[in-house]
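First chain A sits with chain B, and in the next complex the same chain sits with chain C.
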Partner chain A sequence: MTRIPLIRRPDVLAVLVGLTVLTLLATIGAEMGLVSTSFVKTLGKTLCLCLVAVAMDLVWGYCGILSLGHMAFFGIGGYAIGMWLMRARTEDIVAAQLANRPLPPTPEEIDQAAATQIFGVVGSDQFPWMWVLSDVLAVQLIAVVLVPGLLALIFGWLAFRSRVTGVYLSILTQAGTLALSLWLFQNDSGLRGNNGLSGLQNIPGLTHVPQSTLSLWFLWASAIALAATYILAAWTVSGRFGSVVRGIRDDEARVRFLGYDVEGYKLVVFTGTAMIAGVAGALYYPQAGIVNPAEIAPIASIYLAVWVAIGGRGHLWGAILGAAAVSLLSSWFTGGGAPDIDLGIYVVRWTDWWLVLLGFGFVAVTLLAPEGLAGLILRLTRRRPDRIGDMGPDKGALRREEASAEPAE
Partner chain B sequence: MIRIILACLALLAWSAASPAAAQEGPLQAVLQTNASEVERASRRSVGEVLEALAETGSPQLRAFLEAWSDRRIVMRDEDGLFFFGERDGDIYRLSDIDTGEPAGEVGRREATELRPNAGVRRVIGAALVRFQLTDPTARVRREAVEALERAPSAELLEILRASIEEEEVPSLRAFKQAAERRLTARFDTDPAARIAAIEDLSGSIRIEDRAALSRVLTTRRIVAENGEAPDGANVAARLRPGQDIGTEDAYSLLVEADLVPPRVTREARDAALVAAISEGAVAGFPVAQLDDEQTRWDAYDALARLDAAPARLTDDGIAEALETHAILDLYVEEDSAITDAARASMDAVEGRLALHQTADLGLDALSLASIYFLAAIGLAVTFGVMGVINMAHGEFIMIGAYTGYVVQLFVPDYTLSLVIALPLAFCTAGLAGVALERLVIRHLMHRPLETLLATFGISVALQQIAKNVFGTQARPLTSPDWLAGSWQISEVISVSWIRVAIFVLALIFLAAIVYVLRRTRLGLEVRAVTQNPGMAASMGIDPGRIGMLTFGLGSGIAGVAGVAIGLYAQVTSEMGAGYIVQSFMTVVVGGVGSVFGTLAGAGLIGGLQKGIEWLNPSNTLAAQTFMILFIIAFIQFRPRGIVPQKGRAAGG
Partner chain C sequence: MSALLEVSGVSKSFDGFKAIDNLSFAIGEPELRAVIGPNGAGKTTFMDLVTGKTRPDSGTIRWGELSRDLTRLSESRIAREGIGRKFQKPTVFEDQTVWENLRLALKGTRGPLTVLTYRRDRAERIAALAEEVGLSDHLARRAGELSHGQKQWLEIGMLLAAEPRLLLVDEPAAGMTSAERERTTAMLVEAAKTRAVVVVEHDMEFVARLNCRVTVLHEGRVLAEGSLAHVTADAQVIDVYLGRG
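Take a look at the complex of A and B:
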């Protein structure tokens, strides 16, 4: 099987060029004072959401696993980096306070004071066990990918080996996500209960750098992470691995009968995308400033699926499109950006009605344009959509078109 | 009673016969005889006066004792006679002690108020109990027993026993007898009688009886020097430091007993160090070096050697001190036969209590299970027939609950509104379900994952609409009076009537669904479509129609469940979302499409949740977490649920 070199593929090119232009424009605009810091942060956060949407598209659009738990991995990534950010910063502050005492502070005293500062809100004055290594940046950086990866590995292994598929699997991932968020909501979970971790926008050791500069750094980091992930994802799905994974999506049993280790492939995709989600979260939350258990609740993961579905699953760039469009629109509507509509007897306030619009709009997309925005764009730009019928593992799967043609993109 | 009346008559006859003596009745006579003891009564001497007063048998005795205790008795200074004295500005209005008749007035300064101290008042109170226990009013007698139990003593036990014989009201008699057993267990002088009473108490789980037993078992904690228990001590337990009692606590007990020097805390150490800083150093340690714990302790020890700070025990020294001395719990009761009997009774009571608590927990679990059943059965049926997951199922629960709320806005009578609300909620939610099936789900045939997401979109929209229409605050759904309160089965077992009603409702729907599925044409067709829709269609069954009807039925039941849930929880736009995951779990655990599977799933999940909550009562969030983890593990062993299903949905 011959591959088109990645760099010649239009979608890779478009994504790379688009990201470069976006970051350059944002940087120039920010330097000239045309773009506010908060808007730069919004852009950076949106890129992180696009990143996790690419992961979601890999696992759902290509592998057919509707995971309702990838935002949990995203949140775990945020918690992992947040632990270091919060602890290191609190220890800096505490050390500065204690330096005025007649005796020089001992490491135990600093620890104690930092723990009281961080965990006072949940009535504790000690670091829980999982914070033992939280003052080592390297450990927490490893945890950003390792913890989501391990959780996904264990969960996926349990679920896939008992052949849980389809809606069952979705419900199970949702339940797992719910369990995680409920556990985090407890005060004695060791992660400050529903207070979450806060003050993450302050980077220890970089206190002299203003937020306007930091936000640009994070925008660049997010853009680079997205570009790298996109290239990696595009390369993965275009090869033999990608064909097997799509085969699993379309008819799992046939792929199994052809001798492939279906569970292994699924596990690799599930775990790998969980790690990508962790990285996305670790980039997102320092820009957002706060992470709390509500962000891990199942609803967040369902929204992620909605973004990907609206963007068009099965197209990596569609996922990016969907995540960016819906999350930006969402903050425009809920932020009061959209004008109210006066119907005479009733004023439609979009802060109240946006969710209704989103809900019904999403149903309409599912019914009328199952391939999402990407499908519409393809239909407009090409004569022939690269695929007829739905993208699910049921009726219409494994079309002749796909079997004969080269990978679509 | 009769005795008192007779005494009254006798007194009347006597006072009529000798008018001269009316000046000085029998009580006054006794009081005059013991004037000095009355005026300056002490706890020890007042007993004799009370006995002498009791011997008079005067009907005024009780009134006098109450007045004495309440400081309403005055002594007229000029002749030393005692009167009831009512203060009125600058004068006392006097009335005679023996007859209660007015006896003139006296200036405030010409009389002395009797002020018995607390000890004396207690003795007087005990004497009064005797009267109250035989008071003609049953309520006073009951209150007297209750008061007596609040401050029990050996003398009161005798008085209580004497009053049982005369008690005529059976319930009150039993009440007195129960109190007598408790007092006997604690205060009788005869150990055999106490042990018998203690054994009687083992048959009851009432909180008063348990309290009486635990009073007998009261312990105090002592430090036994060199590990020797004092002579004749009734040792309850020997506490091992580090296991039964924290080392820290054990050590501070030793400190209290003056056996070891107090521990030097880190704060005290640092204060001593700071106080000893001179020329940038402490006992030869430069201050800049004191930035770790070990150095600070070394510096402190150096200070202690210079006698600039109290010496401290090392950890080894502490361990040795704890080794040498023993910390004991001693029973306050010295007779070990009695404490042994009480311990045995207590164990028996606790066993019985555990049994009752288990039963209570079982009932709780049952009521939770019936709620889950109501919430999940609709989901199970639609999932079985159509193979789709309806994420908006929770919102049908919400629709039902809001229907109930709206009905109550128009129909003020709670019973009537409930009767209207139940079928109306069924219809509203059912119609919404049919609409959802026609408009959305039908067009997403064979795309289960997209159905899941599309129904989720509906769910988000419906929730937000409810929020916009009804507001974000919780709305009440008031239950009628006959559902208020709870059914008290025993001291610890109780179920609220609402939960009983929900249980009955669940039973009714279980029966109805089983009947519909097993005995009607519709049920036959539903089962056929569940098993093989293609084959069913070729037999002339319209799977579309069946799907629509099942969807309506399932959604309708969710609406009814909404009313039921709204009765004991509040109605909010998010109430459905709170039940949806539990409902899914119920379906997944029970087995898709099976009524009895759902029943088993609801029972398992309800029981499990209550069980975990009982193990960790402070934390209901953790209970949910553990339950979900359990379910994920359960799926490993029975991936298709308790009652696996054959047919289309089983294909995955």
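Take a look at the complex of A and C:
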């Protein structure tokens, strides 16, 4: 059997071409004044959500681990970069204020003033311990991947080693996520409690660059990150590694009897995808401008699973479709884009009813097209084999309806 | 000939029910052995114990030249030691092609990071294996689309791919046509030329064709052992097993 080189695979090509066209159109549109800065930011943020959806699809759609905690890793990535953004910018501002004094301020004075500025809202004037190296960009950039990676490694090691699977594992990930967000809500967590970190759209050292330009830079960066991750993910799930991982999803006991250490593979996938989620968050929050504990709430991770389910689990490009479609629709409905419907006795305001619509959409997809958008597209272009049972005995196994006739490689 | 696998005094109860009762069993290398016994005799449980799926309540399971205790090793570790298993119900990866299934089973590195980076496919070896189990024309098909007999063969092919020293085969001929059975017998006899093979089977005709030593299990114990002619002449065996069938 001859294998198609990765770069010539239709899905890889489609993603690369799609991203290039999108970013070029947005750039040209923005330069001509046709596309607003806020819409460019919406596009950039959407690409970051697509990125974390690819991670979710790897861990759930391919490895069968329904993690309901990957948005926590996304949030941690945002906090990690946010600490540097907020501190460096605040220090710039206080330095400028103090510069008018007869005596130039010492670094300690600037530090002190910045700490008071940042932590005044939670009644503190000291940098907490975890901010020790937050003025070093490189450290915070490393933290973007390292902190989610380490947390996932420890959590995964404990959970997988005890062979926690299926719904119990999902509940455990939700519990972990809830614990993290409750801790972040506390004022003495060292991360400004429910205020979160703000002003993240202002990039220290780039204050002379207008937001209209910065937003384009972030759009390009997000597109590049998504393209690179897509290629990396496609490479990962092709070849024998992908076979093992899909085997674990459908029948992990069988994989064990072939001599593969199932727990080790799960750990690699869980940790790797947590790191991708961290990167996605680090690109997202400077575009959003603010990160707070509500972003890490358990519901966010459930949404992520919904996007992937709607897009079609087990197809990387399906995850992108699902995340893009749902989050763009969501900002259209909740941003007042959709006109209210006046029923005479009751006015349907989409800002209130969007979630209900999303819920119905999810139920409809589950009932009518369990293979998601990707499966619908494949169904239109290819014949689906007639199958009797699911693809394996495990809870996370691909269901009969999800198995489209797409060859793995 | 020293034993490759030596099970001694192993017992296993499920909720007070003794599925395996002080069982002792040994097999050398190479050797072909048939294990027969009525339903619920503990044949599958015996394989579960050897492959680490279930842990015995007492007794030891020794393996290889070093007499390593298998009861302390994980399932995947036992498989890497060279023990391959075919399940009673054919279990192949239905979502994956025949080719992918065989590649998954090929002897070689098993660690996540090496598997991720080491990407040689060993296409000739896979083609040869497919040839051996008669699936050459089906390499690109998904295993889920194969017939029942073809799935059984694919699973045997996967076992051979791993080049194990001991092969445990649970009811390979179940649900096969007689032509398929004949072919399966040939595959197993061929495989047993270079390794130890234990075949669990109900069908006496099939066992007769294997033409090997037979162990009769009953209520978790060995009832008789010897040639097929010898065990079928045993009064106890006739009583509990053959007499009913």
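Here is the rule we go by: the second predicted complex is superposed on the first by the 382 of 409 C-alpha atoms of A that agree within 3 Å, B and C clash if a C-alpha of one lies under 4 Å from a C-alpha of the other, contacts with A are read in each partner's own complex, and residues count from 1 in each chain.
Operating definition for what follows: contacts are C-beta pairs under 8 Å (C-beta built on N, C-alpha and C of every residue); 3 or more make two chains touch, one makes a residue touch a chain.
Just so we're clear, the structure is a prediction, and the values are computed from it rather than from any experiment.
> Quick one: classify A:268 as touching chain B (first), chain C (second), both or neither.
Only chain C; A:268 stays clear of chain B.
> Is A:366 in contact with chain B, with chain C, with both, or with neither (first, second, both, neither)?
first
> What is the contact status of A:380 with respect to chain B (first) and chain C (second): first, second, both, or neither?
Touch status of A:380: no partner.
> Thinking of the overlay built on chain A, is A:259 touched by chain B (first), by chain C (second), by both, or by neither?
Once the two structures are laid over each other on A, A:259 reaches chain C alone.
> Examine A:96 and indicate which partner it touches, taking first as chain B and second as chain C; both and neither are also allowed.
neither
> After lining up the shared chain so the two structures overlap, which partner does A:343 touch, if you call chain B first and chain C second: first, second, both or neither?
Neither: A:343 stays clear of chain B and chain C.
> Using the touch criterion from the header, give the chain among chain B and chain C with more contacted residues in chain A.
B
> In the overlay, answer first, second, both or neither for which of chain B and chain C A:7 touches.
neither
> For chain A, which residues belong to both interfaces, chain B and chain C?
Residues 392, which sit in both footprints.
> What residues of chain B sit close enough to touch chain A in their complex?
Listed in rising order, the residues of chain B that touch chain A are 270, 273-274, 277, 287-288, 290-293, 296, 388-389, 440, 443-444, 446-450, 452-454, 456-465, 467-468, 581, 584-585, 588, 619, 621-622, 624-625, 628-629, 631-633, 635-636, 639, 652.
> Under the stated contact criterion, what part of chain A meets chain B in this complex?
66, 102-108, 155, 158-159, 161-168, 170-172, 174-176, 178-180, 182-183, 185-186, 188, 298, 302, 305-306, 309, 352-353, 355-356, 358-363, 366-367, 370, 390, 392, 394-395
> Chain C touches which residues of chain A in the complex?
Residues in contact with chain C: 1, 3, 236, 239-241, 243-244, 246-247, 250-251, 253-262, 264-265, 267-268, 385, 387, 389, 391-392, 398, 403, 407-408.
> In the complex of these two chains, what residues of chain C are touching chain A?
By the definition above, chain C touches chain A via 51, 53, 74-76, 79-80, 84-85, 87, 91, 93-97, 99-100, 103-105, 110-113, 115-116, 119, 121, 123, 139-140, 142, 144-145, 158, 162.
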